[in-house]
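Pasting the structures in now, so scroll down.
Each of the next two complexes has subunit A plus one other chain: subunit B in the first, subunit C in the second.
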Partner chain A sequence: MDCVVTGGNVKVLAKAIHSLSRIGDELYLEPQEDGLTLRSVNSSRSAYACFLFSPLFFSRYAIPDGHGFRCKVAIKSVQAVFRSLATLEKTVEKCHIELDGEKSRLTFTLHCKHGLLKTHNLSFQDSESLQAVFDKDASTNVLKAQPRLLADTVLNFPPSLEEVTVTVSDERVWFRNYVDQDAEPSKAMLTELCLSADEFDHFAVKAQSSVTFCLKELRGLLVFAESTGLPISMYFDGPGSPVVLSVTDSVLDTNFVLATLSDESAVRQQNPKRAGTPLPPLDDFMNDELESYLIAMDTSMAPGPSFRSLLFGSVYPTGSPLSNLTVAGQKVLASDSEEDPEGV
Partner chain B sequence: MPLSTQSQDSDAQYILVASLDNVRNISNILKAITFKDHAIFSATPNGLKVTVEDSKCLQANAFIQADIFQEFTIKGDSVGFQVNLTVLLDCLTIFGGSTVPGVSTALRMCYMGYGYPLTLFLEEGGVVTVCKINTQEPEEPIDFDFCSSNVTNKVILQSESLKEAFSELDMTSEVLQITMSPNQPYFRLSTFGNSGNAHYDYPKDSDMMELFQCTQTQTNRYKMSLLKPSTKALALSCKVSVRTDSRGFLSLQYLVRNDDGQICFVEYFCCPDEEVRDD
Partner chain C sequence: MKFRSKIIDIGCLNNFTRVVTTISKLTKTCVLRLTPDNLYFVLSGKVSNGGVAMWCELAQANFFEEFQLEGVSVEANEICLELAPDNLSRAMKTAQNAKAVKIKLTKKHCPCLTIAAELPTMSSVSRVVTHDIPVDVIPRRLWNDFKEPSMPDFDVSIYMPPLKIMKNVVDRMKNLSNFLVIEANMNGEMNLKIETDLVSVTTHFKDLGNPPWGGDGSQTGAASQRDLETMVQVRVDIRKLQQFLMGQQFNPSKAMCNIVQNTILHLILLYEDVSLQYFIPAVA
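The block that comes next holds the complex of A and B.
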């Protein structure tokens, strides 16, 4: 891969990497025909983020023919390349990214003001493709808002707050801090904000529902959305199924998929329905070169509400025993191929 | 004026008296060389030189010219003593080291001679503090024998551009490698860290490059841990001169402008880490 980013897009790229660093420790890089994909997933696999930069985002975008190449690098080392975010816009004129599979080298070259040239050669690991399968268009509820609206809303919650509950009705949205059941009632504080539908750019609620998810990743995406000035769309169904936060424009497609807290009673009701519509359509899965899928893990055996882990599955070439196995048993959890091979 | 009335009559017994309206003019520059406790002070009629050393491999000198002081009186050709620099700095900033314009601490520094403490009179807003710091036997500073006739390569850069590089340096790298060459890459800083290597190249015709005098290609490595303290001096400075001699010894000279626009110098000498194999 050989690509060049210039001008303000360098900052967009840098912000994207900083947003991804809020999710996980590793950055998955995959140059494809339709653009460069940067992804990350957290260690508990309950949050996943993906940035797709289309070839038009770059002033040069060239990828080798044939077999797709992908790798992962420590996100910290990529962050180090774009360390001084504040001055980046003023100092960096051009960023050249080169992925050399033979030398096992990922090179970032920053052409800065005054002729200063910064070259970072990072070592990388080959990796499986990382992809969560989600169909945001099938979501029952869709909200779209300017980043400012959400940022102002989130600002009302203390930085230590981990989870937020979003409840929607036909014409209103409530943001509420999530209070753990075990929390001492006398010490718990509830903050709730109500936003009216007309504050949103787009407001489509088909079913009243309430989802609880982690605020950290939303904050990460907000930083990115605010710097680019692009609206955020939120796609969700109900407790237990993932919420998708999405920021798109003509050259950029960003999706954050976050697990939501499952609701004990709702899980039981939803289960039959879920079994009827398995998340990854079987055929697509078999044919998809990127072979990846997501299984919402049923954690209803655990006492109390808990986050449903989103397992972004191991990705093996078509026909590998592992992929067959996981497809055959919908309930079987596909664990990360590297971390836990015997978990399957 | 408490300071001037304090001890005019007793001045005669001191072999060194230095007074300053704004103590920040010397405390800042001393901070730039604070990486070890012991500092060797040597005063001559030209001014004050303060030396700090580490591991016999690194030496930092701060030069504070006599005219930085409102009064600088010395008996004889030279006066030398050693004090704990951290303690001295704590005393100099005893009023909090305020950076509010118009509020400054005045200093009168007196030394009576061998075996006597260094006495500081500090005044701010009418409050006077007297500090006495015990002095130690002055050690002989290491002579790095770095003379300009042996300098093979020299560049002068505006500090701004080096500050950026130093703030981004990969601290997981044990060494900082400096390459200076009449040909490409001209002036290069390299690190070799956990996640890979990084190079910062400065072209010789950059706006930031004030002087470029390189006669031969030289690549030397310096311990990052040794060079780290020099970033304090870099942060204060407006220009920096980077020189290497034929043995690979490094000299970094920082030009520092104080609050009153006067110029002081801070100098770092560092031994090279090891012979670099070409690879």
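The block that comes next holds the complex of A and C.
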């Protein structure tokens, strides 16, 4: 493998690495015909991210012949190459990525101003292919928004917040902080933000639903999307099936696949009025009737399992032949891969 | 019991947020007392919070466009709530460029102070963000704990040096000692001192001026009869003083300090019509 990234694309690559570092500890690198893929998965396999940079992204792109080569490296060491994004933009003119099969070294060379060369030789391990199976086109709900909109939305929540619940109806989207079942409900502040469909570039909701997923990875993707100014698309079905966040452009294709909380009743129970249907009217702001809030009381004691798993495997019923494979193979399962011919 | 209010002016919104943020830096929980004319943030000096007490008073008319309150009863037209000021501060911060912010008492999964902000958007429909802050409604029999503390009969009252400078000094001193002696006289002089086995450090301030409390009845006693030069001192937990200096976002027009010899340090910040009083007990 021998590729060269120049100019502003170096920063794009750097931001991608930083986004991936929010997911897992290892970076899976795979040069292919259709471009270079960088992937990562978290330790509980509930979040997966993939960046595909097409050959046009590079000013030179050459990959080894024959059977596919792939490897994994510690993401911290790659991050070290692109440590300071600010100086990177000013000083680095060119980044050269080269694979030395003989010495088993992955070499990043940064060509900086004044002829300064910075070379990082990273050791790597061979790895299996890491590939999440998902079909975002089959999703019932698709939202597309400018990164600014989502960034502004996320800003309303405290940085310590881990999960967010997104609820969609025909013309609105609600973002709420998810409060853990174990947490004392009388202590936690609940925040809810309502966005109208008008604010989205694309808004296609076929079924009202509500999904809860981790904010950390979304924040990571937002950093990337904001720096590149590319809109984020969000594909999802319902509780338990993964949400896919995707950023695409002519030379790159990015997908983040995140597990969602599978137990819908837990979400409902936690917040009976807010999560259920019918949804509150938008003009809630104008509606000051104290009485309208009284309905929400005293229904919170409904028994229900506080089962909570963010594993992809948990979307399969136990005993399904596929449920074991998530652990056995180096593959991440997501969505309804039973129908997918390219599945495991 | 009903409470509903609305802030529209962006300046008022900023000021209110600053007050709330200052409070949130001083204490984890406090009591918000609402009356038809005023809002008070109160921390009563309990042993559990190291004996520190706080009293912050705001005239509602200076902040709110609309302010409707129906208290516990006609003769006790007040509401007392315990809340985490940090939640309120965080909620207000997300509403900094809001077109309007409503603050109201609601009954949801528990009693809540609901902050609803109408945020501007590019589209025709506003974005609405609501924060439900859980509160504990304080029963009337406990209200006595949250009355305005009486002004101590201080031995010395003095204007404080610029708070930034004072903060820098106290920050440095904190590295050396856990306790600080603050002393002042009626001649506009104040000293900040630490003493350890290894080192003694004193910072002197002069020409600070002494507030004229004369017309104010009860305060004429001890202070005026004392010799102008005599220093009155109090030893306090340096962290408490540092917290006060660090947290404040008031840029007060007046900052004063009253000392009762070996008993209490009473700090007062005034900014327009907002007043913040902070009491730090002496340690032996």
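FYI, the second predicted complex is superposed on the first by the 263 of 344 C-alpha atoms of A that agree within 3 Å, B and C clash if a C-alpha of one lies under 4 Å from a C-alpha of the other, contacts with A are read in each partner's own complex, and residues count from 1 in each chain.
Quick note on the criterion: contacts are C-beta pairs under 8 Å (C-beta built on N, C-alpha and C of every residue); 3 or more make two chains touch, one makes a residue touch a chain.
Just so we're clear, the structure is a prediction, and the values are computed from it rather than from any experiment.
Applying the stated contact rule after C-alpha superposition, one finds that A:Leu155 touches subunit C and leaves subunit B untouched. When the two structures are aligned on the shared chain, A:Asp198 is found in touch with subunit C, with no touch to subunit B. After overlaying the two complexes on the shared chain, residue contacts for A:Asp137 are found with neither subunit B nor subunit C. Of the two partner chains placed around the shared chain by superposition, subunit C is the only one that A:Ala188 touches, whereas subunit B remains out of contact.
Within the superposed three-chain model, A:Thr91 lies in touch with subunit B and out of touch with subunit C [touch as defined at top].
Between subunit B and subunit C, it is C that contacts the larger number of residues in subunit A. In the superposition on chain A, contact of A:Glu33 is made with neither subunit B nor subunit C. Of the two partner chains placed around the shared chain by superposition, neither subunit B nor subunit C is touched by A:Glu102. In the superposition on the C-alpha atoms of chain A, no part of subunit A is touched by subunit B in one complex and by subunit C in the other. Across the complex, subunit A meets subunit B through its residues 73-74, 76-77, 80, 83-84, 87, 91, 105-106, 114-123.
Of all the residues in subunit C, the ones that touch subunit A in their complex are 2, 4, 84, 87, 90-91, 94, 102, 104-110, 112, 116, 118, 121-134.
Contact residues of subunit B toward subunit A in the complex are 161, 164-165, 167-168, 170, 193-203, 205-208.
Those residues of subunit A that touch subunit C in the complex are listed here as 155-156, 158, 185-196, 198-199, 271, 273, 282, 284-285, 288, 290, 293-294, 296-297, 300.
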